[in-house]
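As written, the chains take the letters A, B, C and D, and residue 1 is the first residue of each chain.
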Amino acid sequence: MINKTVKDADEAIRDLADGMTIMFGGFGLCGIPENCISALVKKGVKNLTCISNNAGVDDFGIGLMLHQRQVKKMISSYVGENAEFERQLLSGELEVELIPQGTLATRCLAAGYGMPAIYTPAGVGTEVAEGKEVRNFNGKDYLMEMAFDADFALVKAWKGDTAGNLIFRSTSRNFNPIMAMAGKITIAEVEELVEPGELNPDHIHTPGIYVHRIFQGKNYQKRIEQRTVRNR
Amino acid sequence: MINKTVKDADEAIRDLADGMTIMFGGFGLCGIPENCISALVKKGVKNLTCISNNAGVDDFGIGLMLHQRQVKKMISSYVGENAEFERQLLSGELEVELIPQGTLATRCLAAGYGMPAIYTPAGVGTEVAEGKEVRNFNGKDYLMEMAFDADFALVKAWKGDTAGNLIFRSTSRNFNPIMAMAGKITIAEVEELVEPGELNPDHIHTPGIYVHRIFQGKNYQKRIEQRTVRNR
Amino acid sequence: MLDKEGIAKRIAKEINDGSYVNLGIGIPTLVANYIPAGFNVVLQSENGLLGMGPFPYDGEEDADLINAGKQTITTLPGSAVFDSAMSFGMIRAQKVDLTILGAMEVSENGDIANWKIPGKMVKGMGGAMDLVASAKNIIVAMQHVNKAGESKLLPACSLPLTGVRCVKKIVTELAVLSVLPEGGFKLEERAPGVSVDQIKQATAGKLIIEGEIPEMVV
Amino acid sequence: MLDKEGIAKRIAKEINDGSYVNLGIGIPTLVANYIPAGFNVVLQSENGLLGMGPFPYDGEEDADLINAGKQTITTLPGSAVFDSAMSFGMIRAQKVDLTILGAMEVSENGDIANWKIPGKMVKGMGGAMDLVASAKNIIVAMQHVNKAGESKLLPACSLPLTGVRCVKKIVTELAVLSVLPEGGFKLEERAPGVSVDQIKQATAGKLIIEGEIPEMVV
């Protein structure tokens, strides 16, 4: 097997540079690449275009990068759990492209599967359709949406092996496997890094061929955005 | 959970009728729905269009249906491990549409993911491209290929639960999960049928929503087409 | 007149045994509490889960297990987890039988607006555009009029659309209405104590009233 | 002149450490035996496996574990299994670095024909069309001439094409040739004991010979 291991997040993002397009796995704060985000904040790269379903909260996730003004543009389906985000957006410092969640997901899949474009009915007849090709198949209209083209994908898995194979835990899977497939360079941070052979080949969600660098992350906070419980 | 259990293959295919389009999971003889094929042979339905990567061998798999003249048309990527197949093809009794294996797989995926068409470079400039739309994206030509439209998908899994969730074993996975997603009615036969809760939700390859009927198969032969071994 | 729980209760009657259902945030989430006992209904959460269970007991929250509203939840025996591409794949392929969601406006031809108010901070459409573009059956849960007292059932939506010609039924605090294929809100049921006249006054779009309108049973 | 094993041996030198490789049936399969020790090379089998291991020991065959040639195989530590859509997805997305396959004909502009002979029973293209349409690097392993003694390196293919302008290199029993982007077979190496004249005679397409042609080291 090919060893994809790097020491830590700093080494993993060593060549991630100003102006690049970066994908971030996660849904809300669930399954986000916490170590990579910390390293990006430390490194101070700027003018990034970030593809992420959400934009974090004020003091966590991509919110930390917004505070440092590292983000030029967000491509997301739902934002605004985040006062600083709103401030930058309204002041014109931050550009935002809102796209349907399924379109976001499928444009990742398209990139990972080498499909230049896909058709989806989401957004037909709405402002999302502006400037896009509409095509009718079997009596229904679809929009043509293009595969993403991201310089890096930063994902977070539960377990991974040094060959880059990844297993996700519960709904922290979300966008992680499809973004892992979509990055020109994919960096995976994992809670537990194991040797090849320790993961059951049938349980692997992301085959190592899609992962270029992997490291075991540290100090995961795994914050909960909406703690909801029921009474016993 | 919704209980998808049926008694056996006969009950599962009760409404599968002459002239329908049927998908069969499996690659070669690996992971084929043996019980469903036996039931189809017994039932004697005719004029079927079969979507299957291969066409079985003379005395097993889809070959059994060919012997009964049940197949009007095969849509496959590789056939001809099968003398009866060749005879019917050359005599004009059987129609065959050969399509690239990746195109076959992706047209299943497209159906399962509600995408009416996909673009692939496979077959550009070849006779496969005849009559198809060619479109250039980023300097490369692609063919537009349509999602499959199958009345039934018959798949074979290793384990399944009564809610229809499926887990495949090793490379018997092949076309099974993507055909499971693509059938209007999907029938899964499994080596072991368990109660909901016995499968780890993170290990499930095919969520039950895609499966309409499930049963525990019997007497699996699991034939090996090319037995290759090395010396100790 | 119904309260939010009442709307949720009434919508729950629209759910068939053996169906897969996606519930939006707000009132639709409450619907889960009123699915008849003995019904086998599987809730889909579009971040990647089939078989959403109740909220966890205090202390048993799992940060890796949330729903599309980012709330901590639980799984059930028979649950399955998948990535977001497959999740919207099954939505797009119409494997989800019913979508219940809120709206700011619905038009008499079934258009829905529920994601953007021009001039206000826009949070995004999340998965709503995908859901309304693909679901076989869409029921809207909302108030009949907005805070300014204006009808939310309109000849045409004034707000940016989420989807076109997709809403099949609307349940408000006043009424149950179906959207006819040829256009128009057909009044199906009155909420308890609500008169047809009240509904007429609160409905700006074309209202179709045929015969006696029964009072709903909640 | 090289035998089949020799062709496989020579092609093995084209494989880089740390690469993902797809091997077709026939001579390409033999290449696996000559990957240098210590090289980390991962073999992809397009039915849905990364990390193909050697054939199993007698009695340890597993009917559920086969390669794209339907042979029983084994996995290795670090192997991953996936469905056929993902398998061709990673091929189409050019994650597989090198594809090695056989051919009936190659043209001087890199077209390849290897799936159909008109008038004969056609078995199908399997995954070949997908592989040649997408692979970053394609090496063809084949005999220089067919059984009738006719060159298989042609100005243009006479057989139905598998893919266009895709072959980068050809290794035959006589020579190693690269296909130039502007067209033409550039002679890179002679097989041991083979003269440039022999190669000229066996090559119907445009052959480009620059300077001294070294004898290959196998």
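In this section, a contact is a pair of C-beta atoms (placed from the backbone, for glycine too) under 8 Å apart; a residue touches a chain by one contact, two chains touch by 3 or more.
Computed from a prediction, not measured in an experiment: that's the story for all the values here.
Graph distance from chain A to chain D, where chains that touch are one step apart, equals 1. When every chain is reduced to the mean of its CA atoms, the largest separation from chain B belongs to C. Between the CA-based centres of chain B and chain D the separation comes to 29 Å, rounded to the whole angstrom. Per-chain Cα centroids separate chain B from chain C by 36 Å.
Chain C and chain D have centres, each the mean of its CA atoms, that are 56 Å apart. Shared interface positions of chain B, i.e. residues touching 2 or more other chains, are given as 106, 113-115, 120-121, 169-170, 173, 201-202. Residue positions of chain D with contacts to 2 or more other chains are 49, 75, 81-82, 85, 88-89, 91-92, 134. Checking each pair of chains for touch leaves A-B, A-C, A-D, B-C, B-D.
In the complex of the two chains, the chain B residues touching chain C come out as 1-3, 111-115, 161-163, 165, 181, 195-198, 201-202, 204, 207-210. Taken in their complex, chain B has these residues touching chain A: 106, 113-121, 137-138, 140, 142, 146, 167-170, 173, 201-203.
Here chain B touches chain D in the complex through residues 27-31, 53, 76-80, 86, 89-90, 98, 100-106, 108-109, 120-128, 158, 169-178, 205, 222-232, going by the rule given at the top. For chain D in complex with chain A, the residues that touch the partner chain are 18-20, 40-42, 44, 49-51, 75-82, 85-86, 88-96, 134.
Chain D makes touch with chain B in their complex at residues 45-49, 54-67, 69-73, 75, 81-85, 87-89, 91-92, 111, 121-130, 133-134, 160-165.
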